[in-house]
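Next come two complexes built around chain A: one with chain B, the other with chain C.
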Partner chain A sequence: MFFRVGKTKQRRQKQDVKSIETSVSTKLAENVEALNQRFASSPDLIIKELQNSSGQKAALVYLENLVDKTAINDQILRPLMIENTAFDPASIPIHKTSTTRAMDQIESSIFIGKSVLLVDGQPWAIIFNTQGWPQRSIKEPQIESTLKGGHQGLVETVGLNIALIRRYLPHRELMLTKTLVGERSQTTVFLLYLRDICQPELVKELENRIDRIKIDALINAGELEEYLEDHWFTVFPQFMQTERPDTIVSQLLQGRIVLIVDNSPVALVGPMNFTSFFQNVDDYSLRWILASFLRFMRFFAFLIAISLPAFYIATISFNYEILPIDLMISIGMSRERVPFPPLLEAFIMEVTIEMIREAGVRLPSPIGQTIGVVGGIVIGQAAVQAGIVSNVMVIVVALTAISSYIIPNYDMASAIRLIRFPLMIIASMFGMVGIAIGMMILSIHIVTTTSLGYPYGSPIAPIRLPDWKDTWYRLPLWKMDKRPISADPRQSMRQGHSRKSGKN
Partner chain B sequence: MKRWCHAILVCLSLLTLTGCGDQLYLENADIPLSVGLDMDDEGNIIVVYSSPVFHEEASKKTHFEQSTALSFRQNRKLLNSQSQGNVIAGKIQNLIISKQMLKRINAFPILDVIFRDPKSEINARALVVDGSLEDLQNISMEDKGRLGIAIRDTIDAAHQVSSTVLTRVIDFRGQMLDNRVTPYLTEMRIRGQDYAITGTALLNKDGKYATSLDQNESSLLLLLQHQTEYPLQLPFTAPLQLPFTTPPNMAPSDPTMSQMNVSLTINRYKISSDYAQGRFHFEFQVDLTANLSERTFPFDMKTERRKLEQVIEKQLQQKLERLIAKIQHHRLDPMGLGRVAQAYHYPIWKQVQNNWPETLAKADIRVTPHVTIKSYGITF
Partner chain C sequence: MEMPEKGRLSLSQFTFTIYKTQVGIAVLSIAREVGQYAGRDSWISILIGWLITMVFSLLIINIMKKHPDKTLFDILPIYFGKWLGGAFTLVWAAYGLYASFSTFYATLFLIQVWILPNTPTFSLYVLFLIPVYMLCRHGIIAIGHYSDFVYLFCSWMPMLLLFSVHDAHWLNLLPIAAEGWLPIITGVQSTLPPFLGFEMAFILYPYLQEKKKATKGVLIASTLSMMVYLLVIILANIIFSDKEIQTWIWPTLALLKPIQFAFLERLEILFLSFYTIIQLMTVIPYLYLALRGLTQLTRKSAYHPLLLFMVAAIAVSSLFVDMTNERIERFLDWLSHAGLVMAFGFVAFLWTVSQLRHLIQRRRAM
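== the complex of A and B ==
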């Protein structure tokens, strides 16, 4: 079996070598014939035959819907056909042109929306940058909406995304490295970093990892993450996926690397650590006391979201001594009607709420609201009245769900929602001891995880006290003259010392 | 692959651990809130308990079980066979001990299982009940809720207005094992369909019932014990010699026209002790702040306040000395003066520690209260 795979690989390489050799012929008819063969089943290929006043023939080749038709009509066809301009790249008013002799380059150029002018009697072709494809306008990011931050989100076109970032950082140290990923899709991936802040080894490591990717097509940035990450067996995201240019810029300034993938409205940021998923752009535009409160609340919500159902199960299966007597009686009364053991009861409710959530995500918003109402009534009222779950369980589930949505990052929130299931099982088996063991395993896991070789548990483990200023709480910005050391920036000072306040 | 095999093996072996064994769902447990201890004529232990009923179909909210055996634990086995669920001792709110039983035997050894089993509740309030424990079932709970919680709340409320002491089971254990103090428990009386906290029951060093204190005496005991959590509520009667004027239509001798109530907080509390001529001398020096909460006679507080303070001081001293005399008469030490003796007169304490209450009975104990009225409200 292994032998066969090796053979096909060899054959493919041979084909590649052969195709590189084909070059543009001097006869226009031959070239058009060759292109027709290459684009055998592409009815959207347009071959526009031209002839200038001196009788010289030419053909303009492009894919109908990938080009900017105004540019084709006004900037290319008009000069050539009406004003009788020469078939020469210098005399055609297109902002970027090039020439080539290779048939393959012509083919790939056509595929990405460029138009190619083949001239009879010439062994080269002119390529015009006339790309223009259906494009979405810039919208507010959907899963990372903010109150005070910018309301522009990334779009599917990589060039536009880079423009959005450059607007925030017009600086020469912002480096962009372009690579192509995907044998068929040839997707452009841009690697962005600030040269004077980011560690060069880190950039090299990431470039190497990208080079090692051998896939057919890259459709989304999320796919790239799985090929680049250090650990495959974990629920925690090791890269941050964001669609906010301001988040990207703030991460760049901390010495992190950003990957922007063409056709994908999210960017990857790495290396990340666990606690940075609890930060939000809004934190920095709120009063620092309020932002600190929000930070505390998020960590508290994290604990609730992973352990509250487990705590409930452990309490009513093993350790009811810890419940106040009045609460115990009311839980006992509502539990009495439930025919299932606590674990099953909790699972029914937790799975139901996950299903409602997932159903809501996929549905268009008018129907999505219906799901919310139906789910709320079914779970909140009918299930309790029918004696399938207890009242307290509904409160536990609702609290857990709300807590998990307080986490600002979607991937981290999903991870947290998943962690509670193993904790629930272990709590139903061993009670409080089980929860303690589960928490220990979780801590060990976070501490041993790395992201691009950097410790994921930083700044908690390893302890990096200076970074705590922006972890558990957020101190005033003038206290944070230095960049966080979690991402190991080369340049530690931001820009000198800031004054304490605007006075003096 | 090898790693996965190991992981699966570990999971499978975890499943067989005994940890899963002691699982008991809340609704399947029978959780006594009140546990009563009594003794029958042959000397068997009677255990009565009341626990909440979770069933919707059941018309009563509380159910009672009763059994008779030679020990607490044997009783539990019997009770388990009578109740629908497994009897759990982890949530007991009150441990009710019958006065009849305490008059006959020392109940402390019977409670051994409570302290031996780490899952049982040691914060339950321990109380002595005057009346048959079977009457517990007859208490009308229609306007009270659940028996265990109702009794607990009554005890706490009575303690807050200084009508009784608050002794938890773990405190009772300390009092029994500490030979510097004798035990004191809340006393409750069941009469017909009702119950009430009557004061404090004092036990002697052998753990048997000695005497009872009424509610006012209980307040005084709390004062001597330096209990500062809640103000002490005490009534006083104004003597006729006081320079006050009565309304003309009321005879000055009318007792309802000479009442006052104060709530006292302890500012300074000091016990000075001495040992001379073969006996101990103790003196309580207590500075108290009084808030006048009720006064049914007219009085000029602005000019004559000190006189009223002196009346209170004098009556307080008399009441306290009467209480101390009662305690000494019954050979008790609920104030814990043994601690003072041990701390300041250790060589003598070493000799007398085994019959400390006897020694204390011969001691000379004095109290000098000093009262300052801080607030007296609207005056007329």
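== the complex of A and C ==
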């Protein structure tokens, strides 16, 4: 509703502008007047009047903070004002120039940082690509840091991001399609895919979905995800958000599509499946045996993170007979002074640790550490001594928290942290049976979810054995001659049949 | 909501769906049921039962081969005309409903007796119906995908039984056919109902990606089930005497009970909790079969309302039907009889009809 109002208002404004002027007039003063009106005499709009030796007048128009001032001074003003070059696109040393007659195009060009030269007596204007805006230097991504991979992360400028990716893939099959999303923001969204690997229907589907988006402004890539995904009612990410160009490239090579949004240092990768969130770039530069061990550990950690508190609750409150008597006694002793039922005890601790985590996220790291110490050690220890929670509960909570941080992808780790709460409730109501049915519900949910129409549970369900080489474990790279079939690549071979070792 | 039936089933999905439909509640009691006729030679009976099942599964594939993209419910009207075909469809739907309802009741009863005696029946029913509804809603392709998952994640369960081997008396098996072959042959009839589920091929076949592999699929499915049953029967016979087996209602659980680990006692509680997943995988395909038949008689969009109605019916029925062991036994008994009639009798009948029809058509063509 809100959006609709915005849209009609905008249309009305546009019509007002249109009634003023649509094409460039031959009189410079009229053009300058029209531009002033369009920009409502904004203080950052610079209109620099010039005159060359033959007395011809011109005006250079740009927005002060969006242009590269060195380029304006040296490449445009210097030739025109000092060297008396003609007002002609061919003679000005700027790498990309164009001419236009439409006022609307002039306006939109100025808005994205180009500068426009209006020449008196000419019914066209020259547009120079002089964009230059405040820009962050390339840094290592914070939530996806690696030990051995590249340390460059995406930045907020789409062109630079594409450059980062092209450095990895200087190949003509890397396709880029540009679309604009957002009525007001006119945000550039680039669709990247490898034409000979990616399924064309998939590209078309994604393009259609992007075309259907009608929003005011697109600020972050994460917002785009919600407009593109298949299922809204799920905790699992259906696209991967990544800041790493090397991750992007490896996903491109598997036949996936990457979306890069201007102003956002995060790229979206899709279609994804559940298990690919357990992979990490570092896996491929470690010894394969070690990497396989890490993979196993991650899946194990996943199970612990979702179900350990639930198992604790189930065994304490329902099925205590499954524990051997010695173990039962030691757990019972530690719970002796605890006045709460196990569910409440677990909830108190789990919620506390979530709060500690959330509190630490946005604090600068020295304070964050303090929070960790205060929260983890002081509260944990004090709570046990005060008899509010049991020692075993603290161990359970600590194990779950650690396990959830082993999952390499941030979105997946958050999803997993959330799943354990419903499982805890169901375990407190039905014990072990509740956990089994809860797991069944969870797995049915994963199996029936799709990402861009592709099964999310692949390669586990549906079983795709060839993909297991890079799922539960990681085999040596020379074993993986074919691309994974989960993303349905058109070209299946990714390398020639390789030898076991580099020796001849 | 329409059934989203896009996509195809792979061989593994086809096989495991049939296998998971076959293996269910019967695993827990098969040693006793076959044992009461065949005694210590039950394992021979199960092998014979397996051979018979394979013959009948091949008959199904033989029928379906003539109509590669039709389900059973599409074929029935072709063979028997609108009214009689419709009647048969209704009978099949009723059979599917009965099978799913009674296995659901039996599963719930078992859980209540063994693990959760104090939990209200209704809430337990609601809990178990959530996954049934979730999976049925997405149709046969999702069921196939999920069977893959269940196979992978429940394959440790039969292995767990092997921990009970350490106090085994292999000599228990030895005098083979000591009492002649008659008890073994009479035992065969009670080995057939556990193999019920191969009739799912009627529904799965049109969705199979490579039709040529259907034969392989049904044979593997029955063989997998046979191996599970054989394992359970042999283990029960080498650990208990054949008299002792009769004293247990669920001999398989009795096998699990003595297994202990340093961190785990009463293993069968954990086992049984997770075994419900396998048991529900019998309920779900049968419910789908029934709904598929009913939608054939009405219209396609009726699927979702019918599913909701059935799920609600099961939940509400828990308030009125009081489950006792005798009643459950009787339900399962009727199911065995119905299964023998539908999956064995009807398949033979349908196969004869289809062969005759084929012959007549060929003669006409000549």
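Quick notes on this one:
Just so it is clear, the second predicted complex is superposed on the first by the 482 of 504 C-alpha atoms of A that agree within 3 Å, B and C clash if a C-alpha of one lies under 4 Å from a C-alpha of the other, contacts with A are read in each partner's own complex, and residues count from 1 in each chain.
Please note the rule applied: a contact is a pair of C-beta atoms (placed from the backbone, for glycine too) under 8 Å apart; a residue touches a chain by one contact, two chains touch by 3 or more.
Since this is a predicted model, take the numbers as computed values, not measurements.
Touch criterion met: A:321 reaches chain B and chain C at once. Looking at the shared chain after the overlay, A:40 reaches neither chain B nor chain C.
Comparing chain C and chain B on the residues of chain A they touch gives the larger count to C.
In the superposition on chain A, contact of A:329 is made with chain B only, not with chain C. Of the two partner chains placed by the overlay, only chain C lies in contact with A:461; chain B stays clear of it.
In the superposed pair of complexes, A:445 makes contact with chain C only, with no contact to chain B. When the two structures are aligned on the shared chain, A:341 is found in touch with chain B, with no touch to chain C. Contacts of A:430 after superposition: both chain B and chain C are touched.
In the three-chain superposition model, chain A touches both chain B and chain C at residues 318, 321, 325, 429-431, 433-434. The part of chain A that touches chain B in the complex is made up of residues 316-318, 320-321, 325-326, 328-329, 331-333, 335-338, 341-342, 428-431, 433-434.
Residues of chain B that touch chain A in their complex: 14-15, 17, 19-20, 22-27, 29, 31, 33, 52, 54-56, 88, 90-91, 93, 119, 121, 146, 148-149.
Taken together, the chain C residues at the contact with chain A in this complex read 10, 12-13, 111, 115-116, 119, 123-124, 127-128, 130-131, 134-135, 138, 142, 144-146, 148-149, 152-153, 260, 262-267, 269-270, 273-274, 276-277, 280.
By the touch criterion stated above, chain A contacts chain C in their complex at residues 318-319, 321-325, 327, 426, 429-437, 439-441, 443-445, 447-448, 455, 457, 460-463.
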